[in-house]
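There are two complexes below, and they share chain A, which is joined by chain B in the first and by chain C in the second.
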Partner chain A sequence: MKASALRRWAIQAALLLAVGGLFALAIANARANLLARGIPTSFAFLNQVAGFSLNQSVIPFTPLSSYGRALLVGLLNTLMVSALAGALATFIGFAAGFARLSRNWALARLAGLYVETIRNLPLLLQILFWYVAILSPLPAPEHAHQFAGFFLSNRGLTMPALSFAQGWPAIDWPFFDPSVNRFNVEGGLRLPPEACALILALALYTGSYIAEIVRAGVQAVPRGQSEAAAALGLSAAQARRLVIRPQAMRVITPPLISQYLALTKNSSLAAFVGFADLMQVSGTILNQTGAALQVIAIDMALYLSLSLATLALMRLYERRLRWGGRG
Partner chain B sequence: MKRNCFGGLPRPLALGFAFGLVLFGAAARGDTLDDVRRRGFLACGVNTGLAGFGLPDDRGTWRGFDIDYCRAVAATIFDDPDKVKFIPLSGKDRFTALQSGEVDMLSRNTTWTQSREAGQGLLFAGINYFDGQGFLVRKSLGLDSALKLNGASICAQQGTTTELNLADYFRAHGLKAETVVFSTSDEAIKAYDSGRCDAYTTDGSALYPQRLKLTQPDDHIVLADTISKEPFGPVVRQGDDRWFNLVKWTHFALLDAEELGANSQNLAAMRQSDNPEIRRLLGVEGDYGAGLGLTPDWAARIVKAVGNYGEIFERNLGAGSPLKIPRGRNALWREGGLQYAPPVR
Partner chain C sequence: MTDSFIRSQPAPKRPPPNMAPPFLKLARENLFGDATSSLITVGIVALIVLAAPPLWRFLIADAVWSAPDGALCRAPGAGACWAYIAAKTPFFIYGSYPPDQRWRVDLAFVLAAGLIVWLLWPRAPRKGVAAFGFFVVLPFVGFALLSGAPSLGLPRVGTNLWGGAMVSLLVALAGIVVALPGGVLLALGRRSDLPALRWVCAGLIEFVRGVPLIAVLFMANAMLPIFLPPDWSPDRLLRPMFGIALFASAYMAEVARAGLNSIPSGQAEAAQALGLGRVATLRFVVLPQALAAVIPAIVNNFVALFKDTTLVAIVGIFDFLHTVDAARLDPKWAGPTIAATGYVFAGLFYLVFCLAMSSYARGVERRLAAGRRQDSI
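What follows is the complex of A and B.
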């Protein structure tokens, strides 16, 4: 090994050691400080009984479940909201992006109005707006709007669900019967208004950014490309599918990934409308146990893993888009 | 770690700094009283807004039962009840703010529980209000008991004992309920008002003022059921006994003053009293302030500034307020209540 290479290695190793040492020092110091203040420092609280209930959970959760399970419920709720809002945002974003490029004047202006309005309003304001906007006009459960087994009321959207309660698959139809429960629709799967407002606001907000990314991506493909496609005898639809789209997608994908990452992180505003996402559940746990540093460390690790997982998935997709020596 | 108050910084930033200090600061324990004196004001964590307990009036001056406790502590230290900075904290933020040193004490209807003292490094300096949790429902439901809320949706504030009591109560009676929790009580009561929930639950003392925030207060009633014990009191950090004593004895001085008949109006006359208990309390005889790091007239300063316990109660919650809450369990022990303070001697 050459002397210069050796020196480079030595510098790298020293830097790594210094950063590692700083971390170790910080952790040891925090432990000492917290212990001195009588604040718990272990992660043992995760196995303790939570004692509170959560109004939205995709896995069984009762007040007798542990804090650890409550965190898992929060994480799954964050994932569910992010996935649903992400899918919806992609649809809205691509539709609005193409609409802005449309030769139809009214359609293009309408899409422009949507993008410029939504993009320039704070997300929290929009979430609170949709929560009130969804909640206010909806009737109480006994007067719920009913359609094909779906119940829409101010308690949310209840839909028929697949149930394995009897051991075999069956459809669990929602119903309202005051003799069973005079307050709420029973059975089925329920999306509470908090989740609806959050998904809608996140999808519309992120969609407005995606629309701009899509527009920029399509416009980034040189005009000559569509002219060349036409000269080769491809129809307009063929040119879009075979020439424009592959090139546009390569421009669109990287900023699109950032939008999905931002959406997942933005879903942490759920606490403001009472939706039990990771941040909200953590807030409760933090307050009940006093284990602030541990809970925040877990949250950071989880959000980071979520973002890195999204990134890895999208990189895979991005690689598929590359071909030849380009990209 | 330095116990400074991060002035006008936004709370997330201040908490971030506090965490930074926990990570990298030295574990040296500051003396809260010295810090407060050096800073020139008391940093008091209060409710984000609860009529009667802590709410800014139309001129922006904080008023309420809990507010007067902050003022009493400031009065005994500085002889000036206005040397307080009120820092509004939600149920979820309050303990972190106290632990990190952002506030010197909490005075915001916080329930004394075992785990908060044994597990979270906090100390409750006495019980200044005995409360219990109740329910607010629509009259149209025709309910006479909380036990008939089976299957209902119930709005509550996040990170409170309320949330836990609710789950306990329904579990104990084999009932189920959907709990919808919000980070502040304002958001929770708004959601209840909009029809999201069939009931709103919180401490009894808060149900009455919050009912007045509804669009049609007369369409709602408070159920008679009380489902928990909610003893409220001021809270301090563990590890500073002198400061703990100071806050605790501020509360006791307020009670002793009421019991001995000393109030903000008759203080000068009371100083001339021959009653040795009154003379000791007001600092005419002996020096009972030194051990708390205070002057001999420490208790007289409190009574001069905010009155005695009874005056604080009547002004903010009782007959002199729109809430008209009866003294009940919060009457002095001699009058059939639970309020009892050790003597100054």
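What follows is the complex of A and C.
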């Protein structure tokens, strides 16, 4: 007994020593390499002037702003794109998931075709397809497709927005007037084509995964449940709302949350189309300052905290289920 | 009272009743069950009628099937430019690999494909030999073939010339070769009763799973040269391959852990009662069952891995999608339909590979389910 305990300690100590030694070696190498190449080793560069502009920003940003602010813009853009794509993906996913369960054969097959095709294509291919093959050949703002105040052109999608410019909430309608701006639609909220392609591709891609989650969740509710609901005199709609949905949502929600997390991580593919998300901004900063270590550390920390926050949310939800539920 | 009738001969056999409902009835029930259903069916038919002709014209009828350059494809009204795909196929497959050396690539991938079929074929004998060949011999032979071995008369070919489908498959294969054993080891470490080992493995797994693959690739590309001694400077293709392998191992570890968790502890206890040691218990009792139970999840992981290989383009590697995307800028062919043609072609390539893997996973799932059903009776 004592010998085996001793061996356990020895193994663990050796492991920790090896890991620590690896880290120490890496840090020593890094210091030597960084000094040799004249790369900054502190976070002071965050306060320096960035000197580049970004194609999308929810907070004021000019080329004179600092690197730190550029990273903040990137983070906010990542969150914005993820939120928009997440909402759209949820809608698409639930619609396609229910459609696959439909009694209508044609609808079920159509939804199945969507899910099977989109899931088996790389997300990057889809983003590039939407960006290069669909959105770029759109007409110039002069000949933009217009629908209910929405303008779709090769400069992106411009939509009506809530504006507080005059001090009270008013709708800011986009318009195209050659005398004001010959090259773009003015007013409203504009999503550049990069963001449109990213949101569209992310929503369709994640939607196909959510569709499968929804289908599995609904199918996980035993048939006896709806039969029992019918026996109690509930209508089909009531049974769906009061019996099936609460039970299906229990199965659906945890994987749904991990899909949102995957979507947020996948939004880093923005770097391929040049949308100013966290990854793209950090890539630019990395190239300008050479501070690879610091920039990547910041990125990792931000993405990790997003992941951990989502995981904590999921644990909370699961605990609530245990309390309320099956005993 | 006498029996009025006793049959002396069996009644003539009648054909079994036709239980399958007639086609029209099926169609009526499944397409026009009620008003909403009819409306949906009409809508879908309208969609097909609207979408199919333009697609047919673009992909088949108006497509340019053979042309010396892009002039015909640039003509107004021309559809997909398949001639461009035909002209660029060698580039899409081999990148800039020297044409007279391309047999080496073919040989390496025929070898890999043979070993994979051997491994996956349900009734193939001597899978241990195949596994040894795939996980141990293939990496060395493949490296010697692709990169060159002057002592064997194979001239060196720098990785800057590699590209196309060959790089995509290579990165994916390297990911599989590393991730399967690596993932299993990480999963075992995470379940170990040594706290330090558990923490290290869990930390590595959760860290890698918590960040996007692009960040891992950036890290591998920018930080490996910083962390290693200056004269080691890893090859530019090796760095993203390291990142992909690390990423795939972390995801594989979670799949392997699910498999290990699905094996009742009675199995290990029974093995120990029979006198098997810890390693033998793992090797002959626990791991075979655990991995077999999660084969579908493993294959799905490889589908994801194969799709993810497209991201190595972020560090400047010319994988299949990147070569297709770069080739559309060739002034000889550039035209309005080239981009769409290239992406449709690339889409078909990925679809074929991923669907093949997915359907294999589904077949295994069905076989496993059948086996379990028999056990429970």
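In this section, the second predicted complex is superposed on the first by the 248 of 327 C-alpha atoms of A that agree within 3 Å, B and C clash if a C-alpha of one lies under 4 Å from a C-alpha of the other, contacts with A are read in each partner's own complex, and residues count from 1 in each chain.
Note that in this section a contact is a pair of C-beta atoms (placed from the backbone, for glycine too) under 8 Å apart; a residue touches a chain by one contact, two chains touch by 3 or more.
Predicted model only: the values in this text are computed from it and were never measured.
**Q** Report for A:Q12: first if it touches chain B alone, second if chain C alone, otherwise both or neither.
**A** After superposition on chain A, A:Q12 lies in contact with chain C alone.
**Q** Of the partners chain B and chain C, which touch A:A228 in the superposed model: first, second, both, neither?
**A** So A:A228 meets neither chain B nor chain C here.
**Q** Touching A:S307 in the superposition: chain B (first), chain C (second), both, neither?
**A** A:S307: touches chain C, not chain B.
**Q** Looking at A:G283, would you say it contacts chain B, chain C, both, or neither? Reply first, second, both or neither.
**A** both
**Q** Considering only touches as defined above, state whether A:A170 meets chain B (first), chain C (second), both or neither.
**A** A:A170: touches no partner chain.
**Q** Looking at A:D299 after the superposition, I want to know if it touches chain B, chain C, both of them or none. Which is it: first, second, both, neither?
**A** In the superposition, A:D299 contacts chain C only.
**Q** Would you sort A:P137 into first (chain B), second (chain C), both or neither based on which partner it touches?
**A** It touches chain C, and chain B stays clear.
**Q** For A:S268, decide between first (touching chain B), second (touching chain C), both and neither.
**A** second
**Q** Let me test your reading of the model: by the given contact rule, A:L113 touches which partner, first (chain B), second (chain C), both or neither?
**A** After superposing on A, A:L113 lies clear of both chain B and chain C.
**Q** Chain A residues touched by both chain B and chain C?
**A** On chain A, the residues that contact chain B in one structure and chain C in the other are 26, 29-30, 32-34, 36, 132, 271-272, 283, 286, 292-293, 296.
**Q** For the complex, which residues does chain A have touching chain C?
**A** Within the complex, chain A touches chain C at residues 8, 11-13, 15-16, 19, 26, 29-30, 32-34, 36, 102-107, 110, 116-117, 119-125, 128-129, 132-133, 137, 265-266, 268-269, 271-272, 279, 282-283, 286, 292-293, 296, 299-300, 303-304, 307-308.
**Q** Once bound in the complex, which stretches of chain C touch chain A?
**A** Residues of chain C touching chain A: 30-31, 33, 37, 40-41, 44-45, 194-197, 200, 207, 209-215, 218-219, 222-223, 225-230, 303, 307-308, 310-311, 313-314, 321, 325, 328, 336, 339-340, 343, 346-347, 350-351, 354-355, 358.
**Q** Enumerate the contact residues on chain B facing chain A in the complex.
**A** 1, 19, 22-25, 27, 29, 91-92, 95-96, 99, 115-116, 119-122, 149-153, 155, 158-160, 163-164, 166-168, 170-171, 177-183, 187-188, 191, 194-196, 198, 237-239
**Q** Please output the residues of chain A touching chain B within their complex, sorted ascending.
**A** 25-27, 29-30, 32-34, 36-40, 51-55, 62-64, 132, 135-136, 138, 140, 154-155, 180-184, 186, 192-194, 271-274, 276, 280, 283-284, 286-290, 292-293, 296
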